[in-house]
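Note that the chains take the letters A, B, C and D in the order they are written out, and that residue 1 is the start of every chain.
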């Protein structure tokens, strides 16, 4: 591993010789094993009808888990802030309907218990990656945590954030690369795919990739999903909406259900080409 | 103002024609008025002795307020996390001793009441700039809020964060430029001083500058403090430590008391040169 | 193509409806066709023995073209600056030996004739992407041009540079993504793979990827090569050295011949998975 | 200088103990001495009338040198490329008219002799900072060189570029900070003013600042000019146009003559406040 060294103060998240990679179990699935796991759904839970339609569609296309936000961190207070507990209930119903586990974001320490009572995986969003009271609180949770990289976090700061959760006693941390902020103007963020093999060198934690936020354009999601798997990602998280042009958030980067079917078809042979399966 | 336009959805933070600049009153001082306000103190409150020594020194040198962290957001869980309530008590005692108002950081919505009971200004750190539950909570506080810019926040995202606090009913928001993350390697961050005159074009809120975090090197603090005032800043926030080589955090960027005396001497003529005073 | 628009002033490089993708012919190969083209060789031509050994090895492993620098743009004047014309001669001999066409960099307008007399493809390096006199001169050359992206060039600036070459009359331009400069510290640059599908939306020119410079670490080259192909790249340019620890430049990112064999084995199934071949 | 170390391989540009700061003499002026030198003029030389009008105006306002581009590096080949030798002649006439020395850009090694025959200072633009054949050529020139920082150059890369000129035998190098590329959207670049005091720690070369390119907005030029001087800059280079709305390049960031008069008035007291004069 000449040339790629991280701080020796990162203890629990660091890979040590002879160590097995961490596999995070979620329902019937394992993130970090042979199978590449696909999490799909809308940016925001907007209504029962919307979520059920999308959840059924992504299940049919082969997704393994549902995503959808009930608590939405938005740049302005006047934007749709999410359905909150009502949204969590709809997510839980969608899980009952489809059998797919639910991944959803939590934004405040005081909400962790509530979100955990409905969700299967707690998502920490990019803007909260260094919200340490929140990290400490999910460190005490029973459910796995999907930890998104902050917009300008170095790899070591990101692993430092994981360290808070691990040190709190929660061993089930999934890292999620979702694009970093650079000077680029034509994409929303710059998806740092080299972070995937780099993380495989320095940490035992599984890594998933979000090509929806990472690019901001529907057209770029499927090629970057294929690239993520080829680079060694353990999973994908993909935004899908039944009517992207009416979405309350992130419409431009959301696939339609047909686009998601096509994405799934495209990633299967790539997964096999790198010795994995979907 | 041709060429510098911000989103029309930023309502409360935006400058409108004929509007007066906001002046935030803190004790006997006003941030945003003729006088450039200087806030100084250690990164972390480490002990009663340390804080008292630094507070007395900065007062004598002419500082208007004390800074010091009791809740510290640190990259790793193993680093000193602050003295918490004990630190707040020491800060309040230092205020009694010196007569200087206290600026200190709050990192969790549940701590706002506690911090507010000791502090005069609530600081939101860079890593929490988009911690919206925290912004909403300080929007309900009685005390002014010093809102630091996130490491990779655009001007509009920063004003969006201010908008949350203003929309919550707290009109006393002070913006603080503290450096952005760029490719630079010899400085800790890149201090974006052009943000100061730019903000003066688009918002009525006062702007202070943190050249300590913004550069990461003691040697660069005084020249950048002078530059900040020349660019139109309404205040400075400066790290000072009695023994920087023993500091629990940020030692390399902390001035010694003698360095702070010299900084104060250097900024006075610059303030006068731009029609202000210290 | 909603959402991805480039300046209408980019005329010759822009994709227009119904237009075929440009295929650049180099010897027996075509860049931009079904076959993914692999260019491999050392950063610098250091000696006849070194280049012949590497060229033979990469040929045997299946590379389609040789790379190697004779004119080296180095950060300091005291670093090895390349063998210049002697290096070009060695490259031409290596072509005779292996039958593989030669890609090499040209750094001054006055050298274009010389380099063209030996090379099959003229490389414009990242640091010269906006060296307009050089671009104008290679626009008049007979040989194809591989145009690397500057360290902080936007997509539009890069296409603007291509436009200079196309406007000069040279239709054979190959774009090369080689990593952009960001705040990242553990990799040398950030490989912007999303540029590949994005370019496929906006230009007809072929795109190759350089995962060696893009990451700076030998361990990351093979996974990012696979990812580049999965993202739709038309080719790869890979640094290979017989003794990387003794290389005069870029040793840490150079594969050994055995590593290159393994890279070639790894990319074949990925190319097939996306409907192409090596 | 604890904490700010540059590569020991940077020899000629590095400051060594006991060394005097370099003063570059241009006509009657010295860059790097007590006096802060102001260079002003249009982005491009567009016509004799335009340049004479601007040159007379900036002279009257107190500028020490004229700037104006005859060879323009433009993003697209269809943009105005400069008047070339005709522009150089007009610049020389403007010098005769005003007595002010001329600073102008050279973009190709083959043009250095020509440009040198008309100009007093050779400017190397940001896009050519790592055009090493050009740096080597101006290293042999008789005239001083103003070396702009590349859009994403680290301090060490910039000093490496200076090292090429110094190693070539030309001791008269002036560094020019003109803004770096970051994620910021409301300004054209991010003016890295901390580079000024940082350079003063590590190099003996004088440093000037370009707040016109550095911000891209006329409104921000005067405050950032004041800030640059307060930070310790040895000079300013400012774009001024008689009719910015009709400028062939950079109109939005060009001051009108009246704006330049006001800038000059504003910087005088700041220069005095830091112990210098204009």
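Everything that follows uses one rule, which is that a residue touches a chain if its C-beta (ideal position, glycine included) is under 8 Å from a C-beta of that chain, and two chains touch if they have at least 3 such contacts.
Not measured: the values here are computed from a predicted model.
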Count the C-beta contact pairs for A-C and for C-D, then tell me which is higher. A-C
Using C-alpha centroids, which chain lies at the maximum separation from subunit A? D
Let me have the rounded angstrom distance from the C-alpha centre of subunit C over to the C-alpha centre of subunit D, please. 34
Taking each residue of subunit C in turn, which ones touch at least two of the other chains? 152, 156, 181-183
Residues of subunit C touching subunit D in the complex: 7, 9-11, 73-78, 107-111, 127-128, 130-133, 136, 150-152, 156-157, 160, 163-164, 167-168, 181
Per the touch rule, the subunit D residues reaching subunit B in their complex are 1-4, 6, 152, 154-156, 180, 182-187, 190-194, 196-198, 200-201, 214-220, 223-224, 226-232, 252, 266, 269-270, 272-274
For a test of understanding, state which residues of subunit A touch subunit D in their complex under the given definition. 181-183
